[in-house]
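Next come two complexes, and both contain chain A; in the first it sits with chain B, in the second with chain C.
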Partner chain A sequence: MPPLPGPRWALRTSLDAFHSQWLLNSSLAVPAAQKSAFSTTSLLSARAAATAPPPKPRRQENTPVKGVRKTYSVKKARKVSTAKPPGPGERKAMRKRIILSNTNALEVQGLKKLEKEMFAGGKELKELSGKMMGLEDNTIDQLKAVQAFQPRQGWKMFRWPSVLMRKEAVDVGHALQNAENNKTSFRRVLVGDKHSGKSVLMLQAQAMAFLKGWVVIPIPDAQELTVAHTAYAPLPESDPPIYVQKNYTAELLTKISNANQAILSTMVLSQQHKLPIPVQNNISLDRFASLGARDPELAYPFFIALWKELTMPSQEGDGMQRRPVMLALDNLQHVMRPSEYLDPDLNKIHAHDLALVKHFMDHLCGSKPLPNGGAVLAALSESNRLKTKELDYLIKRNEALAAGPLMPEQTMPLWSPFAKMDEKIEASMADVEILRLKGLSREEARSIMEYWALSGLLRQKVTEAFVGEKWTLAGGGNLGEMEKAAVGMRV
Partner chain B sequence: MKRSQVPSTWVSVDQAVKWPARTQCFAPTVKRSNPIKPRLFPQNFTSAASQRQQLFESESSRSRSDFRNERSSLLNRVRIVPASPSYFTAKPTFTDSLLELQALLRKYQTLPLTPPGTAPQVAWKTLAQWQAANGDEPVKPSKYGRILSALYRLNQIHPQLMPEEVQIALDKNKKDFNPYEIKTKPSFLDRFGRAYGVGRRKTSSARAWVVEGEGDVLINGKNLAGMFGRIHDRESAVWPLKVTDRMDKYNVWALVEGGGVTGQAEALTLAISQALIVHEPLLKSALRQAGCVTRDRRRVERKKPGHVKARKMPAWVKR
Partner chain C sequence: MPYILGTNFLETQFVKSALESFYGVGPKVSQRLMARYYIHPTAKIGALKQQQIMAIQEDLSNMTIGNDARRILKDTIMRLKEMGTYRGRRHALNLPVRGQNTRSQIVTARKHNRIVDRTHG
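Up next is the complex of A and B:
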């Protein structure tokens, strides 16, 4: 119980009040500067008062204080990842990784493989129409060497890489046969919707070329030639200047020698070439190519020499024999425009002024022949699509020309009179036919769906209605879309 | 009440004498000076002034001996009473109308009816419309229900035997136009075998021409995969064909505009379904079950003041 306020308490407070009053009034009161809990001499305190910093001005009310937040906020704890970050190039390697087999998928019983013998005559090839065919071990290695497989083509879902011999693929097979027999060049630009199978058709063409013993010279992604990621230099004594990409050429030689080793090893150098280094006279062409690939400085002269050797006309009887050559280029749009390289005047170098591109285009337009026959194939890309007005127009024009006389209601596609046509591009597309990939037929669609079902990826029954439904949903049998709709993960 | 203040629709008692007793009211025997029409309150009474004038004129010619005898009857005659016996129900028009209909019902209750569910579809006036047409009397919905039930019953009388007075009474209570009479124009295949349908969803509208074929679809000149990236949207667009197993039996050529991707796909659903019904009308119920017939009327809800979006409120902040 607290003590009740009584007379004693009252007396004490009144005394206190009196005492303080007395202290203030009396002359004994201490000056303000000396008011402290302890006492100092007057001298010291005076000195302290003189040296003391001026008193801080009192903060007025309502003036903002620096560094004090007015709103309430909770700082989130930073999440510190303990995982090791991916090393340099690791992410790209993951992205570009190509998986050609999946052990979880069922092995398709009775799957036949594409063989050399099937291409001897046209008859057997015809029978393959609409069938799924596996690829042979050797062919797979060769296709890997030319980087024909791409990561998003769905190879990783199946036990064994196999391809559908659609009508266009069979037609290309026949055309290759004709080109070989007649020693002509089969030149086509592959065009079609996104995911319609242009690159896979190119892969099939290359596979057939390998089986037939052709020499394949690949440019798997034309973008690499024009985005200014590889060294370039003008070719001495070239006017107008032609630019050589020595490192890319060296890589190309490596690809050629690895992929075509079997056939190139049967051929030997037959001519004297102007080369920066002395070379053995009867060196086999695969060794010649790998020799050139060893040093980028040597690459371009070696590539030109190799090309001369390959395009030497074959001799009759037991004389020198040369095989047909296939030039294959993907992502054509990227070389149908000015590249990202700059010339000494800081103008963009046209892609057709790059030596390798020029070499390809000369053969695509047919201005340089292939004496032993062969094929020049270029594919467009719709997923890495560049706007190329000229190419789009020229494709339409060439298609219309190939279609024959116009129907009464049709008009010939016309180039805009207000735009300048790129002459180099026009020249390269002057006389090239277009191979447009449309959707699969229902029979082909059914065949590939049965393959999916046998691989264990498709759980439904493959009925006519099912095939028809997926065919329609895929925009009229677009192969990639059909795979997305039937096998792919639903998002 | 002074004479001058008497509403003009009051009548003298001698007319009122003719009123039959309420219990004997088989038919509406109330004589009205005017046919029933919308009247405002002060006109709800008819004036008997002219009759009174005649009365006083005739009085002067009468003999004095008759006068006394007739005095009481005169009083009866000049006393002013409301025209309708329902005047003191506070809702005279309503009561009269109800009585009239009920009287008609009693009168014709033996007439044969149409088979159930086959009576002609009629849209009756809503309560508000009825009130507006009948002097704005304060009628409760439940009371108006009694009128409606009488009307429904009268409407069931077989059309071939429908009496004229019933028809007049029914017509009075119908809406100005009958929405059930509006019939959609039946569509037919054109000379190329094409059926046409229109569909809408959100802000998209689609026109589709469906023709027998093999399952080709062309929308705005693009194929289905080129038009819709999502497989879900592609399925929505051709859903009517899928649910009826007609995917590989028809070709579709369509034009879509407005809105977004989903809206366009779902507008196509309705358009294709409508065109498919032209080819095969019996599919309508199956398509209705699959949700391909009814237009989804929802649109984007408007933003409100004080809200971040239509419903979203800003986050609560402590001052």
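Up next is the complex of A and C:
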């Protein structure tokens, strides 16, 4: 127990103090002279000081000592991972992986597939309006080869890849038919809100083109052309310089050859071309394309030769036959601006000075015709959106021009008088129509929701009220938002 | 395994990083060199043509890089010191040269402001 403060404790301390005082004052205390038998002289200490080594200079506080840390730090034990690191390209492959079937989803009974015969006349196509249609095996393979499927599109949730033949898709089908019959080119830029189905409409257009026996030349992601991740070099004797991307061109030839093998194998080389290597005279065009794809150095001359062959006018009767061509490019904004490539003066190379982009743009603006008919489609991306004010303006302008005479309260979109317009972009968009994707109609929304319900992914009953609710929540039938609200979300 | 200026580089190495491994070649110089020969920023050494490697090598050999660049730096600092300038004194003391505070953090200055910069050599 600690001593409690009180009278007894106070008495004890005062007694101690008295005792020590008494010892000092009394005669019992030892005199100072008798304390030690010797004394230390000042001489001895002075001598010791003289013979001692000079004192070390005191270390200044700021000078560091080698090997001594000033700050407190505790080394963490390094975690040793036993997992195998992903190989080169493995992570990208995972990211880009396309899953087109879900065995847990129910098979939709009575789902019809898009077939070649449906495109023979306009009548059958009209009947497809608002219906879900499955894709055929061959078409799926071809669409895979042109990288038309994208991981974010929700294919992995369903048993079989199917598409909704919305009004715009049917219209595109008719337009492709007209382009083939009249040997004209159908040129459109697909725009619309995020998740409105631009890329899927592009996929549908390509699927229809494959079914109709067209040749499809795809640029599935225009970003790949402009982010300076692939080799480039100026085309010899081109002034102003045009830049060729040999590796990308080789990949493009591989895609063309794989996707269009069925139709290209029926065509043979008909002309003499200036090529770096000798080529058999009557080689089929699919073999010709894959020959060019084998060596990046050969790719561009082979691509140009292939294009010349494809755009040779078909002959009457039993003569040489050529099919219409579809050029399809996604993520258009990325090629409507200077690219990341640099010229020797360290200026950014304009995307339209890249040979493949220029080739596409010449056909998009219609300055180069497609003699056998065909289509040139470009889609914007709202998920990977780049701000391109020129393109945004030109789209608005073209839409306004196509809408006809202005109403009194309307004004024509005007370009800012303080900003410089990019002439190349303006030229490429001079005469292109815009296809704006809006929300689905209620009937189309109902059709796709019934498909979700039959696939077992939508548990609710598809009633008028339910469709109306989801349609409204999805901002007036935005397809992607509806899918998120109805299929992606579980309550 | 191509040689550039007597250094052996792996074919899988980025051209940019290979160029910047030389003392005196930084991001700006490597960018200029690569743009001059149409080499894209993510190009690997293995993708270069022999002609491009030779051209780069010639350009590099005409530039003040490596030990030459180091010597120039050292001479400049020595000149400052011998003239008895304040900057020379600060270099000699391994202290910040350009008026920075020295109360707490001068570790970087101690590393780099030496007359012989050991971190770059």
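Descriptive notes on the structure:
What we mean here is this: the second predicted complex is superposed on the first by the 401 of 491 C-alpha atoms of A that agree within 3 Å, B and C clash if a C-alpha of one lies under 4 Å from a C-alpha of the other, contacts with A are read in each partner's own complex, and residues count from 1 in each chain.
The rule we apply is simple: a contact is a pair of C-beta atoms (placed from the backbone, for glycine too) under 8 Å apart; a residue touches a chain by one contact, two chains touch by 3 or more.
Since this is a predicted model, take the numbers as computed values, not measurements.
Shared-chain residue A:85: touches no atom of chain B or chain C.
Once the two complexes are overlaid on the shared chain, A:234 sits against chain C while remaining clear of chain B.
Looking at the shared chain after the overlay, A:464 reaches chain B, while chain C stays out of its contact range.
Contact with chain B, but none with chain C, is seen for A:472 once the two complexes are overlaid on the shared chain. Using the contact criterion defined above for the overlaid structures, shared-chain residue A:193 touches chain B, although it does not reach chain C. Contacts of A:72 after superposition: chain B is touched, whereas chain C is not reached. In the superposition on chain A, no residue of chain A contacts both chain B and chain C. Residue ranges of chain A in contact with chain B, taken from their complex: 71-72, 193, 195, 464-465, 468-469, 471-476, 478, 481, 484-485, 490-491. The residues of chain A lying in touch with chain C in their complex are 62, 64, 228-234, 243, 340-346. Interface residues of chain B facing chain A in the complex, by the touch rule stated above, are 214-217, 223-227, 230-231, 234-235, 238, 241-242, 245, 247-248, 317-318. Taken together, the chain C residues at the contact with chain A in this complex read 31-32, 34-36, 38, 40-43, 47, 102, 110.
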